[in-house]
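Just below sit the structures, each encoded as structure tokens.
The same chain A turns up in both complexes below, where it pairs with chain B and then with chain C.
Up next, the complex of A and B:
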């Protein structure tokens, strides 16, 4: 039981500065967004109420919207199906075979702490055409695979995959670190007991590491999913949604519509959709994992 | 092997300028986040009042809200109150978006401190502010470090909000500065490379010094978030 009985004014002095700033700059703008989404407004002229027209248009009459939703989920899918299993595999290998793992894990983690602005520019030069010093294309030509070269970031079909690769590369270390920490926290005597029962190596991983890592793996999944839904700074610094909307995701579409084209009402509608998807995704992932965790209890 | 690209990048003076801006924005944000969040977490976890849980819940909801969905309304609000294109246009939203995770980490730690500490402090005649300043803050160094690290990484690297709310050259932070510098010199690869390395250097140096603390802090932030 809390022992500090204090006056209302004291409570206000402790809580209000923080609460007001946070509500004013995070909550209020979102509520304003939900209202703005019912307007037809370019920020200068008179705003006109159009009800749910913006949402109607978004779902039925916007050739960029659904492809960008699809790409958003594609980012999340690649992250969960490629990045997370790879990270788990590397984490298991490191914790089993590496004597002093901290240096290795810290090195994998390095890209996470770099700004997306720097990472984007770095990869842009890597993806450049060979004549402009693009590393990948030069290597392909040297290997005699000249026909495989692409203008990676400016061909509509490959650009989104090129961006996905950057995202997977940047955050791989984050998930390795999280899962490595999770594996380290599994008590060693469980493995010893399993060894006596004849389970060693990958068999021990299958029956001990995997079930015991589920709660930590969930954190990775939530982070990667939410991160993918929001991932657009990487897209803004590499292609800004181009060529011809071929790399637009939900957030970049919203940004282009609202801030660059100044369709404030319509942009707000997309922003609202993004908030709802984020909240829904968190709830769904938690529900799914609660089931998985129960099975292993 | 020549260092002229580096000396050129440094000589223009732009680099130091961006660096200074980043230092100002990040440090002001850090101080405000720690102060505000620890006050609020203290009140939520230690005061006897009815609405602590609700306030905590409001803070927790913030963990799931994407920053970019507030860009547009914030831009309109800031334009109206003439904050756009000042440092506050970055600092205020940065503080607000770091508050949920900071409150969460701080209150998670404060819950573990035994109540006897306050009881004896009250016996000795200390008031609430005194308890906060002389007891709670000094013992909360570990979670404060975690909050510092998370805030530093997130705010120092932030690009999109800075690029949306700031257009004055004099106010650009390092990531934004690097981005606009590199976009201008799209053919001079030596200069670009030098500027990219210099742009990444401060955070890499900090990482070399504090790698263990940073990785621990990021995991703590992820696991508790």
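Up next, the complex of A and C:
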């Protein structure tokens, strides 16, 4: 412990401000939320203790809750199964074939900097019905695929997929950047050595890039999973959870309940569920990756 | 115009947050003083002396007073913005010791900020609330000061339209003063009606549906709506319910246990609403159009009809659609021969309430009294007098109000009664269930009985 050659008190003193902030701004509100979740409270008046009623109702008697859980995991699933592999693939291609990759990576990164409000409005116009000048529908009609047209954001069955596509598009560049950086950090001499041994091209990727990128890939997975669980802004801008809850996810459901329906206690219960799921997911993902990493060590 | 407003609001918001934080900090002291009114603390005694002396004499004593005025007029292109600033400036000139701190937010931000402030008992001196059910939680929590005495001063009470203050009165105590009183009506584009071969606006719902079909055949979008903001569809639905119920008071009957949502009046209204949707009245993708996007379809002449509160008059008046007085208005027609077109969906406006814990209660009341007395006059001057909750003297025609505005004003004179919106009547949780249930009718055809049952269930689940 004494590698730094300073006393423990010094270390404590330097850690303390950050620790206090972290506890005050993260842990304290979480604990307060857990307490609020046991209340029947509209956020303004007098609160009444109802024990675990809110949780009971949430799990057994809320027709919006489980579908919104399902959609939340759909978001995460698509992000991890489609977005991340695609990002890795693009990152590999860029690092292999592009001489000056910075411009390309920056362009992919562009949507990440844009505000979600802007992105939402942009995609709303893209998704609009053809009669309102929507781009996708007009292209479909031009191609003679008129029967494929949809009111993308307002048909209950397709709306959530339409939103998922926006999310995938927006954060693709983010994960490309992370993984591209990861690939750049793999020492070139490993590839050279492999080349001598006859491993080139995709064979080198399979046996060198993939194992070496695992730690970086893990960051991507955790970020995309947690990000998906917390997705809220995009949904608010595009559909506000509509039509009739068809695009509600956990975070938007929580907002609807606590702010619009003024059931602050019940909303807190949903928030607690979200916290628990996030923590559990992080632990599970870490465990999985630890095993994968061990295998390649 | 709207986007610039949003931008300004956005940039301003950052500033307000900072101001808001500062305001929270300072009003904290005020609350402590209020809570510990019995203790001989400095702030408590100063409050006592202030309440003992009339506002006029406190002006003479020169004690510096800052009143925080939370409001929903952040948009400098909105006539109300200038009006607000003008009245405030005038008051500050007359009372040099009083400073009015404006906390201007847009509607949604204000609602949320007030909720947060209320949760920590830090309501600004003057704030904005919505009528009836929406302000009830705040009143129940004892956050507002009664305005009964203040409204009698300088004859302020008599400036209000009769009955309007009832929506802000609880147990005989008046808690807020409204800035507006609107009615719901249909705006229509005369040129587009002509194009579809329709001579006159419909007087029955059946005619309305037939007209929708005629317009549709000609490739004209019959109606515009911004159903992403779910209250818009609900507002229209409630007007149908007002007709099928043969008069106002359906929701009150439900609350009083005289009727349930499974009453034929309700299912009839659902059925009528579905007829309109199935006839293709609303634009494709209506549920992803927000309020402004929906209204813009009508304002730019891309839709033939638009159902909205009379507050939209000012905006439509100056829009492209109303070139050469092209926009007319008509009352919502009878449905199945039932109802009276002179009964309207009423929208008593957002209202000014005063914090009970205000550090400068007498000054705040005095200012609000002055503000409301001058409000109608100033609103008239900036052509914003359509839908003001107070009586306005003045020659509208001579002041340059358009024919459409005159028609709307005439409609106000025909009002014989009506209902207020669902979310102003029912508790928030039931309202949310209702709003999403109606939104669902835009995207799927439901059995009216099932819709009624869903409402009844939500009502019973959330009954207090």
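Throughout what follows, the second predicted complex is superposed on the first by the 268 of 297 C-alpha atoms of A that agree within 3 Å, B and C clash if a C-alpha of one lies under 4 Å from a C-alpha of the other, contacts with A are read in each partner's own complex, and residues count from 1 in each chain.
What we mean here is this: contacts are C-beta pairs under 8 Å (C-beta built on N, C-alpha and C of every residue); 3 or more make two chains touch, one makes a residue touch a chain.
None of the values given here were measured: they were computed from a predicted structure.
**Q** Just to be sure I read the superposition right, which of the two partners does A:263 touch: chain B = first, chain C = second, or both, or neither?
**A** second
**Q** Once chain A of both complexes is superposed, is A:240 in touch with chain B (first), chain C (second), both, or neither?
**A** second
**Q** Could you tell me if A:143 is touching chain B, chain C, both of them or neither one (first, second, both, neither)?
**A** neither
**Q** Applying the document's definition of touch, where does A:131 land relative to chain B and chain C: first, second, both, or neither?
**A** In the superposition, A:131 contacts chain C only.
**Q** Check whether A:196 is in contact with chain B, with chain C, with both or with neither, and answer first, second, both or neither.
**A** In the superposition, A:196 contacts neither chain B nor chain C.
**Q** When the two structures are overlaid on chain A, which partner does A:156 contact: first (chain B), second (chain C), both, or neither?
**A** After superposing on A, A:156 lies in contact with chain C but is clear of chain B.
**Q** Applying the document's definition of touch, where does A:287 land relative to chain B and chain C: first, second, both, or neither?
**A** Neither partner.
**Q** Is A:42 contacted by the first partner chain B, the second partner chain C, both or neither?
**A** In the superposed model, A:42 contacts chain C only, not chain B.
**Q** Scan A:188 for contacts with chain B and chain C and give back first, second, both or neither.
**A** neither
**Q** With both structures superposed, pick whichever of chain B and chain C touches the larger number of chain A residues.
**A** After superposing on chain A, more of chain A is contacted by B.
**Q** Do chain B and chain C touch any of the same residues on chain A, and if so, which?
**A** 43, 132, 259
**Q** Of all residues in chain C, which touch chain A in the complex?
**A** These residues of chain C touch chain A: 112, 115, 118-119, 137-138, 140-141, 143, 221, 227-230, 283-288, 427-429, 431-432, 436-437, 439-440, 442-444.
**Q** Report the residues of chain A in contact with chain C in the complex, numbered from low to high.
**A** For this pair, the touching residues of chain A are 42-46, 124, 127-129, 131-132, 151-156, 238-240, 242-246, 256, 259-263.
**Q** Quick check: in the complex, which residue numbers of chain A touch chain B?
**A** 1-6, 10-11, 13-15, 17-19, 21-30, 32-33, 36, 43, 102, 105-106, 109-110, 112-118, 120-122, 125, 132-133, 174, 177-178, 181, 216, 219, 223, 226, 229-230, 232-233, 236-237, 251, 254-255, 258-259, 264, 267-268, 271-272, 274-275, 278-279, 282
**Q** Going by the contact rule at the top, pick out the chain B residues touching chain A in the complex.
**A** Those residues of chain B that touch chain A are 36-37, 39-40, 42-49, 55, 58-59, 62, 64-77, 92-93, 95-97, 99-100, 103, 115, 118-119, 122, 128, 131-132, 153, 156-160, 163-164, 174-176, 178-179, 182, 187, 189, 192-193, 196, 199-200, 203-204, 207, 211-212, 214-215, 218-219, 222-223.
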